[in-house]
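Next come two complexes, and both contain chain A; in the first it sits with chain B, in the second with chain C.
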Partner chain A sequence: MRPLPDATLDRLRDAFEAPDLDHPRYRAIERIGRGGMGTVYLAEDLELGRRVALKVLHPGDAGAVERLREEARVLARLEHPGIVPIHDVGTLADGRVFYVMQWVRGRRLDEHVRDTASRGDRLRLFVRLCDAVAFAHAQGIVHRDLKPANVMVGAFGEVYVMDWGLARVAGTIDRRDLRLRPEGTDPGPRVASDRAERRAADPTSSLLTRDGQVVGTPAYMPPEQAAGGAAAADARADVWALGAILRFLLTGVAPGVAPGARQPRALEAIASKAMASNPEARYAGARDMAEDVARWLDGEPVLAHREGLLEKAARVASRHRVAIALVGAYVAARVVLFFAGRG
Partner chain B sequence: MNKPLLGLLLGGLLGILDGLSAWFTPEVRSQMVPIVIGSTVKGLLAGVLIGLFARKVVSVPLVVGFGLVIALLLAWGIAAMPDASGNHYYLQIMLPGGILGMIVGFATARYGRPPRPAPARA
Partner chain C sequence: MAARLGKGIDAIGTHANLSGVNRFPTTRRSAVAALGAVGSQERERAWTVLVAAYYPPARAYVSRRWNADPDEAEDLVQGFFASAYEHGFIARFDHRKARFRTWLRVGLDGWVANARRSTARLKRGGGAVHVPLDGDLAEVLPAALEDPDAWFEREWARTLFALAVDALRERYAARHGLRLRLFERHDLVEDEAPSYRTLAEAEGIAVTDVTNHLAAARRDLRALVLERLRALTVDDEEFRAEARRLLGADPA
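Let's turn to the complex of A and B:
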């Protein structure tokens, strides 16, 4: 029997998952996203007269109810300009749990960078992303699924870290298995389709699932998380993912794919330090990494890279290029006037 | 160091050096002292004006542009005075003078302590 094509499967799934949004306060307008645990709808908050994003749990996943509530509680703890604020939690008429958050008018980071040519602009976005992640770490929360698709960039360049469904709070026991499993060895029933080929071809996709549960994103998952499970993923796992995101921002291609142009050594060193196999060799936290990137932006030497004499001269010249150009123009004018006077 | 003081010191220093560069022009070498004094005064005046402007305007291109205009005006005032043989040196004085004004403008825009913000009123 031939498997159903993806488009047909998607339509069937949408019809099955469409929630009963007959809620006295929220009216769904359209579906705007889908994650491993739930679907996100643009909705109208009828009481306050504003648009919000409403995340509804996938149907038939009883075990995910507590996870969605936990995600909502994590978001509620994270009051930061770089983390999308949560407004409400509730249950729909069909019994499905939902939570309501701010509707971010913007684009995913991976879509945004396609139109952002300036490396400096990309790096400034990255520093803001690190600030939000560092704040979460300071609250004892590790995201564990950082990737460009989970970062939104607003119309004014504001950065929001999204999808905290895999986040872990320090001091809590996490029974979710976040290890990567190759498709062929994944135990349990699975829908056979051409989707498997798509998963294998695109390591940036979160589609690696077990009974519909997202377990991670291969290209942005550190080796200890891929091999060791949930307990092994601490703040340095997020640092690894930030290193992978930095590499993506620099090259425009996902980690593991051969980049085109060569990048500045200092930035490459920052990404490599963040993505060290040994967690001890990485930055201690997102704040340290952000500071190193900010140093590069300010034309200062970075901690991850020991520069040579020529590199140092080039960096200093680049940092003071306007002043050097003006002094050069003055000297050139004096030389020209000198020889013109003699002639 | 605040911006007007930075402009004053840098303008004065560059004015001295600019005046001394007249030594490379044999025709005016005999008038080195008045040239250096005039160039220094011009640099000090331009520097403090540029520094005051930089304190009010937070824009590097605008301050650099202001530095160019002020330095050209002051240099024109000096160049308009003929030497003993009645010659004018507009290009020789205004071109390097204008560039020095841009240098002082850039330095005062980028560096130097900005003024403290005024306390908020209730």
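Let's turn to the complex of A and C:
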């Protein structure tokens, strides 16, 4: 028996995990990401001669097959520039399910904001994110796992909402929310449970129990969803997550971590309203929240915050700072001319 | 040395002749389960399967963890397997209590520790009870290994894949020379693999042919690995769990 060097062993194991290259249409090029449900590869669509992203479901969780198909069905309903379109769904030779989607050249939102210093730029990204989520809400679809890691920002500032694996279509009964595992039954494959344990230890990682009672990511999950009410999670659950993302964009730190500098009260009020414990007290949907943020960007009063006289004056001054500066310069010039004339 | 060995070791050869380790009988039946079989023929065949899969990782493990030179590691592991066979140690394995690999490794650690103690006693003049001084501890204690199970598992995986690769070579030698060459030049090289295009130009074939040949070779290798894995696991549940750990994919 010829011993295998480490590099060869790793290559063989990677080749086994990678999608079967014998697929008649797609050829995997390299692995570009690994999430809670599957691994994403950059692949080439040999038929159309273009690069695509190919997501292959992790093995070992029988329910995940149905979830991936469901994600594919959900995505197929969402034709929006902020939502990555799905091209194809299929099964690999080894039985794993995959789907093919547009390859997004960009960075995750959490990586992108590290280099985006301007608050205005961050907020404009946020409004685009809200637009995509609002579109999904209008189609009756709730994402349920919104977080910076699930948002991609393209080279030109375009925003894509990714990973719709936990999404739920309003008016449907989600089987994930109904499955209950009787006590004493098999807790599932070790690999799957190991992964779940790792996810549980990371508050920014998605949680999806086998019985489906808790879905989402702890740091970005509204209280009703964290309490196991995933079945009841509606658009306002996404609004809560958007509030958490807004806080992240403003402070640069995940929700729950003490922020550094104070933020404008109006923006803090928007985030607080979105993250109200009582869903009834939140924005009704992503569209309302986006409009409030857009008002702040335009220097208008926001609905989430009743401002005082000084705040109003400061906002108006800020909004009209160019005009005020011009008037100020004009007045100063007249004063100078006045005294110069008297001298 | 061969006289000390049990039948399983004889079947795979001594350290002077380990080419027989390739003799991994083709079976879909669990060798671990067959160790407790009534018929001696079936039991011996199961033993051969287990030795072929576990002997090399055990030897590498003893070298690494017990800081043994190659000859000593060989002797220790042969002694362990021979003793395990003769005293029915492995036949007492209960899959409901532990994974076979872990159970074997723990047994091997115990056996080597005892062997080291015996050797140390003999060096000091026989059977007197001896409390080792600090300087002697290295002789009887294993080296620190962050995760012995993970280390042993990797060596075991290395053996499993090497056995499957050998079987693939044997299968392809007669009929699929080109496929074997491509596979060896791309997947089995230690350094960075050449591109498909480079291989295609070297062989005077289309890039898609390279793709197809490599895909077929990987599929065949995968089947060979799984075939061996099935023989080394107790039931379907363990087989699937091990396949997921080894290959990252559920065996279809």
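As a convention for this text, the second predicted complex is superposed on the first by the 287 of 343 C-alpha atoms of A that agree within 3 Å, B and C clash if a C-alpha of one lies under 4 Å from a C-alpha of the other, contacts with A are read in each partner's own complex, and residues count from 1 in each chain.
One rule holds in what follows: a contact is a pair of C-beta atoms (placed from the backbone, for glycine too) under 8 Å apart; a residue touches a chain by one contact, two chains touch by 3 or more.
Because the structure is a prediction, the values reported are computed rather than measured.
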Touching partner for A:333 - first (chain B), second (chain C), both, neither
first
For A:5, decide between first (touching chain B), second (touching chain C), both and neither.
second
After lining up the shared chain so the two structures overlap, which partner does A:27 touch, if you call chain B first and chain C second: first, second, both or neither?
second
Contact-wise, after the overlay, does A:96 reach chain B, chain C, both or neither (first, second, both, neither)?
second
Of chain B and chain C, which one contacts the greater number of residues in chain A?
C
Those residues of chain A which chain B touches in one complex and chain C touches in the other:
none
Looking at the complex, which residues from chain A come into contact with chain B?
322-323, 326-327, 329-330, 333-334, 337-338, 341
Please name which positions on chain C make contact with chain A in the complex.
18-19, 21-22, 56, 154, 157-159, 161-163, 165-166, 187-191, 193, 211-212, 214-216, 218-219, 221-222, 225, 240-241, 244-252
What residues of chain A sit close enough to touch chain C in their complex?
1-5, 7-9, 11-13, 15-17, 20-22, 27, 59-60, 93-96, 189-191
Chain A partner contacts - residues on chain B that touch it in the complex:
21, 24-25, 27, 60, 91-92, 95-96, 99-100, 102-103, 106-107
